[in-house]
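Heads up, the thing below is written out as structure tokens.
Order as written gives the chain letters A, B and C; numbering starts at 1 within each chain.
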Amino acid sequence: MRGLIGNRWAELGAMALLIGLVGLILPSGYYFRVGALVLVSAIAALGLNLLLGYAGQVSLGHAGFVGIGAYAVALLPTYWGVPTLLALAGGAVFSGLLALALGRPILRLKGHFLAVATLGLGILVAMVLTNEARITGGPDGMPVPRLELFGTRIRAPETWYWITGGVLLVATFFAQNLLNSSTGRALRALHDSEVAARAAGIDVARIKGIVFAVSAIYASVSGSLLALLNGHITPDVASFLNSIELVTMVVLGGMGSLLGSLIGAAVLVILPQALTIFHEYEHLLLGSFIILIMIFLRDGIVPTLRKRFTERGS
Amino acid sequence: MLAQFLQFTMSGLTVGAVYAVVGLGFTIIYNASGVLNFAQGEFVMIGGMVTVFAVAAGVPLPLAILLAIAVAAIVGIGLHRLAIEPARDASPVVLIIITIGGALVLRGIAQLVFDKQLHKLPGFSGDTPVNFLGASILPQALWVLGGTAIMVALVSLFFAKTMIGKAVLATAANRLAAQLVGVNTSVILAISFALSAAIGAIAGILVTPITFTHYEVGTMLALKGFAALVLGGLGNPMGAILGGLLLGLCEQLSAGYISSTYKDAFAFIVMIGVLLVRPSGLLGSKLAERV
Amino acid sequence: MTPRSILKLAALALMAGTTLGAAKAQDIKIGAVLSVTGPASFLGDPEEKTLKMYVEEINAKGGIKGRKIQLITYDDGGDANKARTFATRLVEEDKVVAMVGGTTTGTTMSMGPVFEDAQLPFISLAGAVVIVEPQKKWVFKTPHTDRMACEKIFEDMKKRNLTKIGMISGTDGFGKSMRDECVKVNARFGIEILAEETYGPRDTDMTPQLTNLKGKSGMQAVINPGFGQGPAIVTRNFRQLGLTVPLYQSHGVASKQFIDLAGDAANGVRLPAAALLVADKLPASDPQKPVAQAYAKKFQDATKQPVSTFGGHAYDGLMILVGAIERGGADPKVIRDEIEKTKGFMGTAGIFNMTATDHMGLDLSAFKMLEIKNGDWALAE
């Protein structure tokens, strides 16, 4: 972890290079769309990674925040004429505040309560989106007004690839700054020993609350981008299965590794696309891959590989 | 009034019994190995599906039931040997992800071996409802509740009275110490997985005449079973049972008295409320630092 | 982590993402994104089987004017986001000329813009009115709309003098959409909805909701918009509680599987559905009889599963598309225009007469009111 923070420019550079190079060789709109989906998922996974990898807390309802962000850019412009970017910001602020309000009482308790509370929250969000059909369109979803920038409507997957790539880099940059700030140092202290951190006068609950709020904001922004990229949104985005998928991305890529979030997202988005040629064996193979990766790269893809490479190097 | 209340309550208990058994299955594996097994719902699916297909192939029901329990137990051992054991010293979250992968694999296999249709079994004692103080109750609901009660009793006896059960408890308390006194912990863990799978399968068989079964039925059950587990107190088998029944009651009473659209929401609100008052769950003693 | 290893990973990922198998140039490529797994799998599964079965048959007979059809199917698992990715893939990578698919309204609405942008004809297999209303230039559909189902049911209720009813609907896309249509048109038939209840798509016991409906005085009938396991459980709970008023189900249960699941409780249930289910019971003079019988036989022989109207929608969609290609060739624009000109096509759901303003082309006459008697379908009229 120390190496990671020492190499923050290297990490950011590697991510930028990866996004740039891949963007140059992608052959068609379909590939750009898959690429954009990877990047969008990576934004949410990145936020969740801060929570999971540094604050040691699991959220089983992060897709709930994704849903809030997605429907913010769908509902606010449609019904109240709010500009899309303002709606995106509104969704993010709302998610952050909701996370703070929920996190405050719950993170004071020792244990796994955030997992349960977020599980409930995620289900609640999905339920409201499904049942308040008069405004959300119900289970069939609703169209999302396209984003307009400088007078043009953004709809080409290529453009979205570069936009989401840019947002991911900014998100990574902020995450690194957070980890390098006093909050980050406190986080690392409590990662090593919560008791020691408490003894050193760190308000553990407050720190965890901030990280939870940041992760919720990331998820919300990711949801907004997904909605704008798709142009149509359904309550599926907020489902329990998507929450689980986000956790899986973080763990596959490597807890505590920001680059890992991108790799984890890439694996879980691209793999199902590649497995379609196996038709009915798809789920069987996807599950097997997840098990094998976790058995052989059990610290996550990026941290395990990094360890192997440095060992070989020395 | 009373008839209505009884009707809602019976409904809640029947629904909750499945959550309870899934929660109990979670607990058995968690206590022995520290793993939260999110493939627990798939055992319920296997129990139902194997029985349905065996009966359809002409196997008599009692034999089909035994076969289904055996298949589930073997799958449970297989899951442990092939997926959990090789990653034994990985972190708890990694192990959870492995079980999620395991659930995907089991669903994938079920989709190939069986089919994607809904299936049912006939009620063990027919489908004619019995009248109890104005509430009408399916005889199968009594099978579910009775079966759950018997299973809970047997599992308690197993842990309290048998050598193997005590060895499981010893392994759970301290793996190294158990090894030192000659317990083969690997075998013990396999037994825990088999036991957990078997009771999941039994629950699946008991409820299939009421709820039907389907290759994807496990996902929602894992979610509800996990909630039951946390509500009752992680690590306490009786807590999981109590939590499951309460969750079922909350859902069905909300559906009856408040709003059927938001009944799941009320169940979760009650759950979070209970946890704020009693952080370790209704009967919980152990605290888990991370899930 | 070295940049080299990152690139290696990326290269691997890309290689994995590349689709295999290039088609012969003469083949006509038709795409199908279906919900073969997930909550709508009992719709998507027979749809996929039907498409594969008939494409094979057409190819065995030499294809369309000598050109074989290449069917490319993807499973969206019922997820609208995945559906859209696969739609993009069909358009950009597989270069299909048309698409028959979209199992649910949600996935259809999410994929629609992709085909509109690419200017490719898209025949949806989902029910809701919103798919063709407002009309989209490139989007068609083959099943009856949920509004038609409501109208058919209310018409039957009116005939039987049932004017005060209760409704219990699923919160899945199908149930929700049909419920919304029913509360829009009930007044027109002089029918009053006294009470409403809902249940979730994975719920296993609806006795509390039905107990509440039972408690409403003056209730003369109950209607249950929904699909999947829900309606079967509602039907059984309905009988368990001793409710005796007529129960109406929707076309969402138009599969023998519903009768199998609900058992004796299904007897007496009425539902609107395509004549396909009662193919053998149609009078010999009915022009739909041979089409419906042939499809039912072929499906049952090939899959060993009972026939459903859901697979029938896929048959109708494919045949309308094939007809259009036969008439005008495989250019997407011409296919679209030819689909719009479909006249008098006899499908499993009825006679299709598409026009520039009607992209479904079915009227109420193709919808039959069925009643389940002795564990089998029967015409109620």
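In the analysis below, a contact is a pair of C-beta atoms (placed from the backbone, for glycine too) under 8 Å apart; a residue touches a chain by one contact, two chains touch by 3 or more.
Bear in mind that the values here come from a model prediction, so they are computed numbers and not experimental data.
S.K.: Hey, which chain ends up farthest from subunit A, C-alpha centres compared?
M.R.: Chain C.
S.K.: Counting C-beta pairs in contact, does A-C beat B-C or the other way around?
M.R.: A-C
S.K.: When the centre of a chain is set as the mean of its C-alpha atoms, what distance in Å lies between subunit A and subunit B?
M.R.: About 31 Å, centre to centre.
S.K.: Rounded to the nearest whole Å, what is the centre-to-centre distance of subunit B and subunit C, using the mean of the C-alpha atoms as each centre?
M.R.: 35
S.K.: Got the subunit B residues that touch at least 2 other chains?
M.R.: 111, 261, 264
S.K.: Which positions in subunit C touch two or more other chains at once?
M.R.: 37, 171, 198
S.K.: Give the residues of subunit A that touch two or more other chains, as numbers and ranges in rising order.
M.R.: Within subunit A, residues 131, 282-283 contact more than one other chain.
S.K.: Would you mind writing out the residues of subunit B in touch with subunit A in their complex?
M.R.: 82-83, 86-87, 90-91, 93-94, 97-98, 100-109, 111-112, 219, 223, 226-227, 230, 234, 261-262, 264-265, 268-269, 271-272, 275-276, 279-280, 287-291
S.K.: Can you tell me which positions in subunit B touch subunit C when the two form their complex?
M.R.: It comes out as residues 4, 7-8, 10-11, 14-15, 18, 111, 115-118, 120, 127, 129, 136, 138, 207, 210-212, 214, 216, 220, 252-253, 255-256, 260-261, 263-264.
S.K.: Of all residues in subunit C, which touch subunit B in the complex?
M.R.: Counting only subunit C, the residues touching subunit B are 36-39, 41-42, 45, 171, 197-200, 202, 204-205, 207-209, 211-212, 215, 228-229, 232-233, 236, 240-242, 257, 260-261, 263-265, 305.
S.K.: Given the complex with subunit C, which residues does subunit A contribute to the contact?
M.R.: Its residues touching subunit C are 14, 17-18, 21-22, 25, 28-31, 33-34, 37, 130-131, 133, 138-141, 143, 155, 157, 226, 230-234, 236-237, 259, 263, 266-267, 270-274, 276-277, 279, 282-283, 301-302, 305-306, 309.
S.K.: Give the list of subunit C residues in touch with subunit A in this complex.
M.R.: 1-3, 5-7, 9-10, 13-14, 16-21, 37, 73-75, 78-82, 84-86, 88-89, 91-93, 104-106, 109-110, 112-113, 117, 128, 130, 171-173, 176-177, 180, 198
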